[in-house]
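Take a look at this one; I'll ask things after.
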Amino acid sequence: MIVVLKPKISRKDELAVLKEIKRLGYKPHVMRGVARTVIGAIGDERKNHTLETLTTFPQVESVMPVQKRFKLVSREAHPSNSTIKLPNGVVIGGDKVVIMAGPCSVESEKQLLTTAHAVAKAGATVLRGGAFKPRTSPYEFQGLGEKGLKLLAKARKETGLAVITELLSEQQAEMVAEYADILQIGARNAQNFQLLIAAAKTGKPVLLKRGLSMKIEEWLLAGEYILANENPNLMFCERGVRTFETYTRNMLDLGAIPILKKESHCPVVIDPSQGAGRADLVTAMCKGSVAMGADALLIEVHPNPAEAWSDGAQQVSLEGFAKLMDELKPFIAAAGRS
Amino acid sequence: MIVVLKPKISRKDELAVLKEIKRLGYKPHVMRGVARTVIGAIGDERKNHTLETLTTFPQVESVMPVQKRFKLVSREAHPSNSTIKLPNGVVIGGDKVVIMAGPCSVESEKQLLTTAHAVAKAGATVLRGGAFKPRTSPYEFQGLGEKGLKLLAKARKETGLAVITELLSEQQAEMVAEYADILQIGARNAQNFQLLIAAAKTGKPVLLKRGLSMKIEEWLLAGEYILANENPNLMFCERGVRTFETYTRNMLDLGAIPILKKESHCPVVIDPSQGAGRADLVTAMCKGSVAMGADALLIEVHPNPAEAWSDGAQQVSLEGFAKLMDELKPFIAAAGRS
Amino acid sequence: MIVVLKPKISRKDELAVLKEIKRLGYKPHVMRGVARTVIGAIGDERKNHTLETLTTFPQVESVMPVQKRFKLVSREAHPSNSTIKLPNGVVIGGDKVVIMAGPCSVESEKQLLTTAHAVAKAGATVLRGGAFKPRTSPYEFQGLGEKGLKLLAKARKETGLAVITELLSEQQAEMVAEYADILQIGARNAQNFQLLIAAAKTGKPVLLKRGLSMKIEEWLLAGEYILANENPNLMFCERGVRTFETYTRNMLDLGAIPILKKESHCPVVIDPSQGAGRADLVTAMCKGSVAMGADALLIEVHPNPAEAWSDGAQQVSLEGFAKLMDELKPFIAAAGRS
Amino acid sequence: MIVVLKPKISRKDELAVLKEIKRLGYKPHVMRGVARTVIGAIGDERKNHTLETLTTFPQVESVMPVQKRFKLVSREAHPSNSTIKLPNGVVIGGDKVVIMAGPCSVESEKQLLTTAHAVAKAGATVLRGGAFKPRTSPYEFQGLGEKGLKLLAKARKETGLAVITELLSEQQAEMVAEYADILQIGARNAQNFQLLIAAAKTGKPVLLKRGLSMKIEEWLLAGEYILANENPNLMFCERGVRTFETYTRNMLDLGAIPILKKESHCPVVIDPSQGAGRADLVTAMCKGSVAMGADALLIEVHPNPAEAWSDGAQQVSLEGFAKLMDELKPFIAAAGRS
């Protein structure tokens, strides 16, 4: 840690800071600069007490951490790319760009199976669909629950698609894990650490969406909860962050792809449907995602978006999805993927 | 709902929209304006399917809801202010500005009891202290758990203070409720709806912190989850939101106080410690909060902030707290409170 | 405009609103809904007084505009794409993706000419370089001024590149326009309307950067100042917006590309150097930009970034730029451009 | 500056960094920590080249400045509070909380004089009113121009109020300064450095509004442009910043008051009208501002807000203003001001 003292402090006040630094387990190293004195505090920031509390000393101007706080998710810990292999043979993080597609919510057998067959035919290999839905209002449709999970399992059996579905509750972790090939943690639960631990413990691959205003460092640290609970199969999913802009529901931060690729070894997934909140922007966002290095896309597809029970405005139709897949091909090739 | 059509669309395209509006349960009402046609869709937005999905029709430019989505928390539903009475006789939302104070985390019997006696002496009537701590990194102190709850109960017995403590996990709702007089839902769990439901069902008063980038409407709707689960004792707690500013950890949105007072009947609490993230700004923020109509303050106090196990930088010392309480008095009086 | 009344207001209060709507030039159209009364106010929102002032009436809940406020920049006004032809024959907004490259600041003849030759060789057709620099601190390098402009003119002569440079001051509009082929308006001046008018009046093409936290609607309206002052040669340049994220200086909003393409006919340029603030992310961002439909890229290139007089951290080296141009080719092809 | 190296870099790579640090004018000081090597670079950061450019070296992880970048506006440079004396004897930054009030725009002699007399009677001592208006759309009312300035001068003569009005254009600096007692720089021009310099050079007191998403450090540095151009009469005006919240137009950052008071000696003004964008929140915000230490308030008042030519929704009526002034008194007293 670096501790910056205010200008012109007394020797006595400086000694008090040095003493506290030692008491908190670091070795202080004083540098006298032109304008102020700076103390390098040598010690493992991940094991010792933080020195940020020193800012409560009036003679301290600021404290800056030096070490990165994440460990197991870091590229330093695992220099090559991680890959995640699903039961149907699909590999996430490898040469192929994986397409995950399906409805926002599972609504009925017909809706789900129609969609599943259509997206499989167009080239998707993972089926998405929410059985438990986190809704802003208690009066909105909350998902079909276990019945929805059973329909997903049925669709998997019929189509060979793997299944990704959202986990909302610690208490349902085992139940959802029975049906799902990937557990999705939604943006609103991205720092629900108890849920992250419960998801990790099921042993299933976990897709961790970025919180609405989560810094990348916080996201990596939330991912650290998965790996630290002995589940190595983590992927990060950017789904747009919250800003001042009102034209779209969220602002998709595609710059997060090269940043995550630099800092971490885990696969990166983009959700352009949530990211845009508008079906008409999804295709362009898929192209950009692939060009910037995304390993997978998570796309909302519905047979009749206008009548969808949730988030209809951002779901593409079956025809729209087939067209999108066609348009995407040259960009996948340009990115050197298949 | 208001459905705005794009300019110059054909009669056929307009009819398709009208038909879908009817199918979704609304009565359309066409207005031909100067630049475009607008359709008023008459029907209960809270009961019917949303029309926002109509934006997937290329002839639709935008859809605007008219109704407010929250109901039970609204001022319309309950014109007078709600009050919450705690077992020690303290009333939140009444004439008195209630002071809740104590350490960020419960660390030891000595730390907690010292703090509890000091804050009680200075005028606090509720003791705060975290036994379960949501931490950004899995390598940080996660709280003493049930042992911490027992210490809180002991401090209550010794001082007569009521106890507020954070609930992190659905599975611990009953256990935490056994010890706590108020359950705190933290910012990172503000849209963890399963946790909100579990908290509501304990019957204990719930303090719902605002999420890091939660719109006020979303916050009110999250509160709606408490009241809709038959727990009327809800208070909202503003604790700063996330913005671009880096001088402080969060930006305390004091404007939320008059807004909540206008839209809702529930008491409003301000947490200036989280809000500022810096102990030296806490006093000024308390003054502003009281002047703007806050019903209670939630202040972090620690006997030795520099050695606090969590969030030391934002905790005030025992002496600092006593001084703060003194300085606050004229503002409480100016606000017509006691 | 749509005027939403509060529930249960008296007939008298409703009449007062209707009267004011008429006085402000609109024809009111009353719709009685389930929960509240909504008034459609028919009239040209761009010519009449706004009705948003009606929110000062206590009986009015909200007022929503229906019309878009921008006109000349809109796709409706000009359905085909606009193109801008530069004196060296380069066309922006056509089939070719135009590369604008050069140093953040013009520092010396050698620095500029070395860079100009290198970027021209690698495929750029426009040279960027700041002669007047808007700097956060008055103690930072403010640019070489007119001497810098002369160097840009010299580099143009030697290389055939067109020149883009920033205009900072109304008073310098004519002088800068003498040397520049494109006038750049920086993010901090994006709503400096006097500067926009002065730039428009020179008749030179204008590149309008997005302000740090400018909504797309505001950006389009700022562009409207150019076209309304009879200069049709406007291009929009996304350069990252300000958010809570601290990993990068700005967050590049690539979703703005398809949105601008939908709403406007003007060419869209991306500045990945400002957008990322970090040289190591520039290549990935260029790929994403091209894939999503950008017409041009504005890239900072410096012979020795570590010693650059401004913004060194985001400038790529000459070799880095040549490599970037190579890597970009397949994505330009995939986008159907050349 | 602090330069953090990546883990496990070679001695040769370290030497390259040390060499560059020396070349850029600093003395390096190496500290070998547990996880990585940190270099303290000793030298004046305000005089030397920034080392942030070193992040373009692949072996460098991050660079952190240590010094504050602002100087003349800092509390260190001028430990006591600055005060600004206006020609009518009013002192800003002294014991009295100064009230500046008046219409958003000057619309007519009658509108302005009515307002001026009313606000003077209620206790205001400075009259606000825009003669040049920066408007988001070129089709909105742009102000009466010099005719408006003349009306302001007339109102000053009749009432004894000092006059504050906005300066939009470098070219009008002298003309506006002829009529105004305080020059207002608006949020959209807060980093229009040429305008700041022009304003400073008139010698008139300058009120600098915070930009829409301006960090406090940037704001202080913009203020530095005034003082560095030999005009000591600067006041900062918080007027709300842009966030994700849509309930209000802006989010008023009252925490900026104690921060500015700590970092700077210049008076602090709050504009609750812009800050809220809604007249019904203005009174509460005034109370909070005064409680937190504001030196002055800038309040929009209009005889008939519903028909105001600009920003009607945020202007209070004449009666509303008189009532506000009454309600404010106990808070001014509580703050120990008059």
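Letters are used for the chains, namely A, B, C and D, taken in the order the chains are written, and counting of residues starts over at 1 for each.
The rule is simple: a contact is a pair of C-beta atoms (placed from the backbone, for glycine too) under 8 Å apart; a residue touches a chain by one contact, two chains touch by 3 or more.
If you're wondering where the values come from, they're calculated on a predicted model, not measured in any experiment.
Enquirer: Per the definition at the top, count C-beta pairs in contact and tell me whether B-C or C-D has more.
Expert: Higher C-beta contact count between the two pairs: C-D.
Enquirer: Going by average Cα coordinates, which chain is farthest removed from chain A?
Expert: Here the answer is chain D, farthest from chain A.
Enquirer: Rounded to the nearest whole Å, what is the centre-to-centre distance of chain A and chain C, using the mean of the C-alpha atoms as each centre?
Expert: Averaging C-alpha atoms per chain gives centres 30 Å apart.
Enquirer: At what distance in angstrom does the C-alpha mean of chain D lie from that of chain C?
Expert: 25
Enquirer: Taking the mean of the C-alpha atoms as each chain's centre, how many Å separate chain B from chain C?
Expert: Result: the chain centres lie 38 Å from each other.
Enquirer: Check each residue of chain C and list the ones that touch at least two other chains.
Expert: Residues 213, 242-244, 246 of chain C touch two or more partner chains.
Enquirer: Considering the complex alone, what residue numbers of chain A touch chain C?
Expert: 213, 215-217, 241, 243-248, 251-255, 257-259, 262, 275-276, 280-281, 284-285, 287-293, 330-331, 333-335
Enquirer: Could you list, by residue number, the parts of chain A that touch chain B in their complex?
Expert: Against chain B, the touching part of chain A is residues 20, 23-24, 46, 49-50, 52-57, 69-71, 134-139, 168-171, 188-189, 191-195, 211-213, 218, 221-222, 224-225, 228-229, 242, 278-279, 305-309, 312-313, 315, 317.
Enquirer: Name, in rising order, each residue of chain C that touches chain B in their complex.
Expert: Interface residues on the chain C side: 2, 4, 7, 29, 31-36, 38, 40, 42-45, 64, 66-67, 76, 213, 242-244, 246.
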